[in-house]
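Okay, so chain A shows up in both of these, paired with chain B first and chain C after.
So, the complex of A and B:
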């Protein structure tokens, strides 16, 4: 087990370093730099002044040099300061990370709370009307764009009913975005739960359990659902990792002040330290979550420890 | 009887007291403004976006102010003068000016702010616009500023939201605090979420665009960030926000709804224009460029693409700015005449079977997309086949830098916008190498340099020469004004809201009707 954990930690470190180097190089390939973006709204700088600003910001150095300097700073725990506003990137990300985590956890909780029972129901009633209804809901959930669902939620709950505010980051504001995320991802969870349950229900030990005269609900909940949930752990982990970085559209629609919105703004402004800071945090989160899933699998399934 | 009188008096006093309390509690007027993006900084000497400067302009004042006609008025300076050689300016700072933290704003404070604005370490994006300043000194109540050479746009620039004067306590430590002398005090800022301001009780107004001489009527002002236009409109309709940036489509609907008001920044100083990669054949031929200009139906762009919420502009400089004469410019520019334009193109050998193929290079903005589609049709009607290439703004300008240097390949017609409070933005655009390498030639460089050294009528005449040169040689086709972020909408209860130069937001006169 210790070997497995050590291997995973080393691989995680290598992955994060690789992501920093690749992303640091790629953002310089994207046309436009922070100074051009800064001057886009009002044309009040001579080319000489723009060159001087680039030089002060270190943007005139070769890309490889900029990337290595950044990597060196990150390894020392310094994510740098933003080009716009000159604020510490780490502080800005840490301020918003709780908002992003709260929304991701809430969205995931709703997705699981709805998705697992639906998937379970569909698997148990496979081929019947309940299964069809659940699968139709799942297809709809996967197909409906999250931003559209979000806007509909605003129209109904904020404008028509006046129950919830349109924008902000207080506790009342989390209900609509969390529900939108939950409804979007519950479809995926339901489908995964259904597949895993169907697979488990075909196993010999389920037949044995039934033959031994166990009650059906014991067979389904204890002997079928529990092992099926192990394979859902992977999906949950990946969905959570995706929610950390990929909920930017929901953050925009509901004006939820998370790191996704910060990243989008930074991308438009070509604020390199901010973009790279986001990538470091996001990549690290994904890598840590993947690592935790691997380790958790090791605990849940002894066969994994041998690999 | 005395008892009765006393009792009545007590009742009245109690009633008055309670009424007073009620008024003070319910009377605190709060205004919430929802915008699409947040400020990038509240340090007015580092901020670069309009959204940032809209807020800093409420916290900080400018040395001078500008009237509707582009005339310069007093601001932080009660009086100002320029030496005969145009190289020295003296600004007498108003008596009794207090910063939001209670410190005094005097000539010494003004000098400290100026020194910081000019310090390269500040990374001031507007550093070049301050002009050739060589030094400054304090002479009693006056701040004296020395220039290496005359700089005609200087007084105008000092009225702009880019030229805010900060109280020295703002930057006394490395942790910047937005402390100014403006109508609103900074309270708090949660980045990407909200900015809270409160009215400055000591404020004395000098801006001719504002009627209220003292403290703003509203007490608290909140800027909220709501990126989605639909959500902003929901916030306005639900009363969560009082004033919002509407989408272009929504603005048209709101205009016809008596429950709402739509504001367009007529004094924006914004100007949209079309330009050419004129080093590439056949756009090196002024006749071809003229023909393309003549094919552009600017009325359609204004009325269809922009829903009639902008105006056709005739000059390369925005209306209302110093020296801008729309009628005069109309005599120089290409008039809409698709038949004549087609004849020019046919004479040059282009037909439907053998059209001139160009790229129409643009960046994405509401209204602009529709304008480019109409423009594409206009060009097709004169045998010009235009392929629209849309880029995000920073990538677009980076791309155009290369395109404007090219001397061969597919020619490009491109559009852009600029804003300012003085025609001197022509200098930043067209003086070689120019903004994204759009500089033209030595003759134009000379004229652009010369206008900076002049003032008054002589400068106005020189600016007209420059505009005439640009338009008669068809280097630029003026399109519309304004064109981006210039719309606001409010509920009917908001009264007295105004928009000033460079889309500044003026809340001093705002009252909320109950």
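So, the complex of A and C:
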């Protein structure tokens, strides 16, 4: 188990370093001169100011040196300062990270709470009407853009019915965006649960349990659902990563004060240090979460511990 | 001995008319959407860019089937012409992503252990990040616009296609006929071109269909955020972005472009899912 954990931590570290290097290199894919692009909207774009900006961002040094310096700074927790406002990027992002994670965890909880029972129901009634209905919901769920669903939710629950506020970052404000994320990603969870349950239900020990005369609900809930849930744990990491990706847009739809909203603002203003910082923080969150889930899987599944 | 390849599976399913209902439904829907988009300039009742083609925010009526937007532009015409843009971005992004990802996957599968290990690790790292995030990060640096959005979406699809191609190619690599071909002295390049590609191309096309749905969603998302196609171009996400401030007064500005995205994505998901079940029987009914 210790080997599994240390291997996973090393892999996560290597991935984070790769992401930092890629993020440091991204400024060089800007067509033309990044400083000109950044200062295009600024009234103070004199040649002197542009030269100062170039030297501030280290763009006057060779590319490999810039990337190494960026890597070194990031590893020390320094993500640079924003172009507008000259504020530390790391502080701005860390201030909003709890908001983003709260929304993501709430969305994931809703997705699991709806998706697992639906997938379970579909697998148990495989080939029958309940299964068909769940599969139709699942394919519809992955076809509806989350931001569109969010706008429809605002239209129905906030503007027409007046039940919930449109935007903001209090606990009442979280309901609509979390529900939007939950409904969008429950389809994925339902499909995966169904798939895992069908696989478990085909195992010999399920037939044995039935042959021993155990009640059907005991077979399904104790003998089938538990092992199926263990394999679902592995896909939760994947769903969480995708949910975080979708959340960037959802935060903007609901004006949720998270790092996604901050990032899109920075992207529209071409604030490159902020965008690079966002990529690093976001990717690191994804890497840490998938690492924790892999380790959790190791604890839950005894076969993994022996590897 | 009969070798069952994905190609023979799909062709024989067509011959026996055993195409699943969902695939037929998806094909029908996709056919209608593609035809409407291709003929949009002929069938659109108004010029999609013409302001004051009708009253501002007019409700759907006989004259304006989908109503009008905040500038009095006919929404039906904008959604129809917008289909050309959205589908065009999807096709271009999927084709480029498929070619680049496919090549990367094939190189990983057929060029020795060291390169395979490095490429596979890189592909796996990129594959663990949501494609929306990769597209967003790239477009943030490339700048907004239709070409950059298409390029960013294409690159965001590369890890997915590379992973799928590698999986298919590695499965073929383990088969005895490849071993025999190698022993006969056939080079890796020829082996891939003549023997491997014909056996995996059908599965790649199926995966292309699934990637297409994802590309349409990413394109709409980028334009909605103001980072993709720029107004006044009538891309579906861009129409939603400009109409979102009027959703109380004119919900149709929200409903029709959104429904267009949903139906398009749904049709290609139905086709992709159904065909994937046909080519990979282990997944059938899962």
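The rule is short, and it goes like this: the second predicted complex is superposed on the first by the 274 of 307 C-alpha atoms of A that agree within 3 Å, B and C clash if a C-alpha of one lies under 4 Å from a C-alpha of the other, contacts with A are read in each partner's own complex, and residues count from 1 in each chain.
Note that contacts are C-beta pairs under 8 Å (C-beta built on N, C-alpha and C of every residue); 3 or more make two chains touch, one makes a residue touch a chain.
None of these values were measured; they are calculated from a predicted model.
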| item | value |
| --- | --- |
| Which superposed partner A:211 touches (first chain B, second chain C, both, neither) | neither |
| First, second, both or neither for A:252, with chain B first and chain C second | both |
| Which superposed partner A:151 touches (first chain B, second chain C, both, neither) | both |
| Touching partner for A:84 - first (chain B), second (chain C), both, neither | first |
| Contacts of A:161 with chain B and chain C, given as first, second, both or neither | neither |
| Which superposed partner A:37 touches (first chain B, second chain C, both, neither) | both |
| Partner chain(s) touched by A:265 [first = chain B, second = chain C, both, neither] | first |
| Which superposed partner A:2 touches (first chain B, second chain C, both, neither) | neither |
| Chain B/chain C common contact set on chain A | 30-31, 37, 147, 151, 154-155, 159, 252, 268, 270 |
| Touch list for chain A against partner chain B, complex | 30-33, 36-47, 49, 52-53, 56-57, 84-87, 92, 95-96, 147, 151, 154-155, 158-159, 162, 165-169, 252-255, 257, 261-262, 265, 268-270 |
| Of chain C, residues touching chain A in the complex | 22, 122, 125, 128-133, 136-143, 213, 217, 220-221, 224-227, 237, 240, 244, 247-248, 251, 254, 258, 261-262, 265-266, 269-270, 273, 285-286 |
| Residues of chain B that touch chain A when the two form their complex | 34, 37-38, 40-41, 43, 46, 48-50, 120-121, 123, 125-129, 162, 190-194, 224-228, 230-231, 234-235, 237-238, 240, 391-399, 401, 418-420, 425, 428-429, 431, 433-435, 502 |
| Chain A to chain C touching residues, read off their complex | 15, 18-19, 23, 26-27, 29-31, 37, 126-127, 139-140, 142-145, 147-148, 151-152, 154-155, 159, 194-195, 198, 238, 241-242, 244-246, 248-249, 252, 263-264, 266-268, 270, 272, 275, 279, 282-283, 286-287, 290 |
